[in-house]
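Worksheet: one structure, shown below.
As written, the chain order gives the labels A, B, C and D, with residue 1 at the start of each chain.
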Amino acid sequence: MIDKRFADPSAAVRDIGDGATIMVGGFGEAGSPVELIDALIEQGAGDLTVISNNAGSGTTGLAALIKAGRVAKMICSYPRSADSEVFAEQYRAGRIGLELVPQGTLAERIRAAGAGIPAFYTPTAVGTSLAQGKPHGRFDDRECVLEHALGADVALIKAAAADRHGNLVYSKTARNFAPLMATAAETTIAQTSAVVGLGSLDPEAVVTPGIFVDRVVLIDRSPQWLDPSRSETGWL
Amino acid sequence: MIDKRFADPSAAVRDIGDGATIMVGGFGEAGSPVELIDALIEQGAGDLTVISNNAGSGTTGLAALIKAGRVAKMICSYPRSADSEVFAEQYRAGRIGLELVPQGTLAERIRAAGAGIPAFYTPTAVGTSLAQGKPHGRFDDRECVLEHALGADVALIKAAAADRHGNLVYSKTARNFAPLMATAAETTIAQTSAVVGLGSLDPEAVVTPGIFVDRVVLIDRSPQWLDPSRSETGWL
Amino acid sequence: MTRTTPQALDRREIARWVARDIPDGAYVNLGIGMPETIAECIAEDKEVILHTENGLLGMGPPPPPGEEDTELINAGKQPVTAAPGASFFHHADSFAMIRGGHLDICVLGALEVAANGDLANWSTGAARAVPAVGGAMDLVSGVKAVYVMTRHCTRAGEPKLVNECRYPLTGRGVVDRVYTDLAVIDITPQGLAVRELAPGVTLAEVAGLTAAPLHDQRSTHRESHPDGNSAPSE
Amino acid sequence: MTRTTPQALDRREIARWVARDIPDGAYVNLGIGMPETIAECIAEDKEVILHTENGLLGMGPPPPPGEEDTELINAGKQPVTAAPGASFFHHADSFAMIRGGHLDICVLGALEVAANGDLANWSTGAARAVPAVGGAMDLVSGVKAVYVMTRHCTRAGEPKLVNECRYPLTGRGVVDRVYTDLAVIDITPQGLAVRELAPGVTLAEVAGLTAAPLHDQRSTHRESHPDGNSAPSE
């Protein structure tokens, strides 16, 4: 019997250790797994490396994790935020490391880790400071830089709905990095606003097959996702 | 106004020239764009390089194209077929070339072409004859081989439904290589059994966004795909 | 926006200039900031598909107040809508569109553009600044035509079109055309080539505000006010 | 299937052996041919998710006659069904599961397995044969545990377990365990290690039909008939 559901965010993040590398889904606040991050703050793990497109907005979620001093290094494309000074303050004080990666290269490196591709060539960033010191190669008369897969110990992501196998669908642009991160972490933890019966998700429209997901945590039941006529008895 | 619909298969394949490299979707017969291939046979282009997982089954579709002597070279993973001797006969007679590629490497090379990745490393096939003569690299103590992007002039694919923007959805395992090939060809031609009104396809469930598709040909109207209440006047 | 000269265009007028040149059926990515204005200037008889790199093709206009959805935003993290025919996808698929050369045009802001097409638009290199690159380097290396939309000079009056960029580069030789409040300038193998001037602006004025040689490649039939061609007046 | 010895298992009995060892919750790819039999031998109290590389996770049993769908097939191009919780995806995503190490077990056929785990199963190298590799090289290089299910000897009576493969390799050092009609044999750093024997089969018999040294690593609690453990009798 496969049942990946965990009782609550605390149970789902309990075993994350100091020094872990953690992927955090979301583009700005869209798709940010806020409740899982809150549980991680409570849990106390520190010295974390966090891979996420941004470095927190406002004062909650990733910004709160950084403010609590738990993040030793950020790997991201856009750590600047109009509404948050948390990362900037720690960065200027030299208390947090930063590996800046072009957004598409960040996405592709995460995908590569999930797909078993250890490295790939890309034209992105050639001739800029972000490609300096990296191996280069020429293909079809175009200079490219070699980029490496980027995996993690844990991925924290947010889905719109899940089933007990861990199949996931997302909501609009909250999808962003989550399907990639799910493939690239040893342990993928998805918070979701609905758990539906097995067979309720259209097999043609599942975005993240359950094989990539280890833990599912229901945060809030959004009635529009529930279809009692299709729910599997006992597994809704 | 974007309207990618073509009147019939002949019109859609008219400008394919001798010597073209053509991707053909399908895994066995599932997803095989038979009507487009028939039109290509009629059209007469020869000296083709064909990229497809298989080299034809039975006597129709790709097997017929090969039998007609139009294919100079196949790039595929599995040219053997229980129910077709067409490729085997030409291969043994030395009338057709073959580049054999592991199935996952074939898929990844096609994806790479579509994604602007000129080359990538993979552990697949290391230590076998299919990796001989290729550059190798070691990553995390694992030997890998460098594989190159594989693009084409034209992709012929089969979808379950399309709209006038070229957005596509597929049917079950007929999806296989089509979404990848759509991204990797200069001109992507999709045959479909239904053209639906713009907005009828769920944006969360579109598999191939229209940006990857140049021509849509309706072969057969499957009533179950049509939903008049959502069809856009004049564009069904 | 401080005008470079009394005749300089305002942001909306530059946006109309760009919008006029985007062909029907084009797939376009509009950068954060000034280029966002272009969307509302595209003529209604043209169907232009907007891509936003956070995972949406077929971006529609902002929603009416009160109908914002925090999970339906653009790359600038502003609420948007999904037009009929839209599709959602993850970031790797989104940047496959960009890097794979499937987008026809992107329009970006700039700190500096060099006569050879080098672009600097992501970092001033200032010591205390938090570096942030986003998708700019991916866009300039992947999209078929890279346009820049910018004021001709900085707020301090310094030319942004230069012989060589001083700021850290976003890409080398990547810019195809620059739309400023004074002129439309193509990047050519010979350097900067003026295609059009804003009404009442002279070539000498533009040259005086440009820190690289300018070639005059105006053709009479293209020289016109941004409102004068295909874009409808408002 | 020609029996190697009078006590040799038939195809279904080997399949039950493999099925017994697949843990509840495992993600498994069953190769074309003999391994396909395993699916129907998995105990009903176990939930095992079957992957077929042509784009389906959650493959169900073959459909009843007359309900076949030509667009719902497995890697062997046979009609299948989709189980509740299934998902469809394209080939790059399918092989991301394989290459990325997400599948727990794959079970493949073999021409030869060497004592160091080398596998040959895609080509006899015969001059007139059409070479065809499919997904075998991807599977052996990506899946966490690679099992082989095969008769112990060829139809001509030649051992398939050898010191060194003569046929072209599918992968080097990739096989973890071999299930034959005579024994379950692990590939270990020390070479071939017999874990179990079929009922009535002796170690000497197996050794006589194996062209590489065999180590005896049978533990009493695991030695049993394939029907004897968790797999239900039929």
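Simple rule for what comes next: contacts are C-beta pairs under 8 Å (C-beta built on N, C-alpha and C of every residue); 3 or more make two chains touch, one makes a residue touch a chain.
Since the structure is predicted, the reported quantities are computational estimates derived from the model, not experimental observations.
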Contact tally winner between A-D and B-D is B-D
Between chain C and chain D, tell me the centre distance in angstrom, where each centre is the average of that chain's C-alpha atoms.
57
I'd like the Å distance between the centres of chain B and chain C, where a centre is the mean of that chain's Cα atoms.
35
Rounded to a whole Å, what is the gap between the Cα centroids of chain B and chain D?
30
Where chain B touches two or more other chains at once, the residues are 108, 111, 115-117, 122-123, 170-172, 203-204, 207
Which residue numbers or ranges of chain D touch two or more of the other chains?
82, 88-89, 92, 95, 98-99, 142
Applying that definition of touch, give me each pair of chains that meets it.
A-B, A-C, A-D, B-C, B-D
Report the residues of chain D in contact with chain A in the complex, numbered from low to high.
24-25, 27, 47, 49, 51, 57-58, 82, 84-89, 92-93, 95-103, 142
What does chain A use to touch chain C in their complex?
27-31, 53, 57, 77-80, 87-88, 91-92, 98, 100-108, 110-111, 122-130, 170-180, 207
So, in the complex, the side of chain B touching chain A is made of residues 108, 112, 115-123, 137, 139-140, 142, 144, 148-149, 169-172, 202-205, 207
Which residues, counting only chain C, touch chain A once they are in their complex?
52-56, 69-74, 77, 82, 88-92, 94-95, 98-99, 128, 130-138, 141-142, 168-172
Within the complex, chain D is touched by chain A residues 1-2, 111, 113-117, 163-165, 167, 183, 198-199, 201, 203-204, 206, 209-212, 232
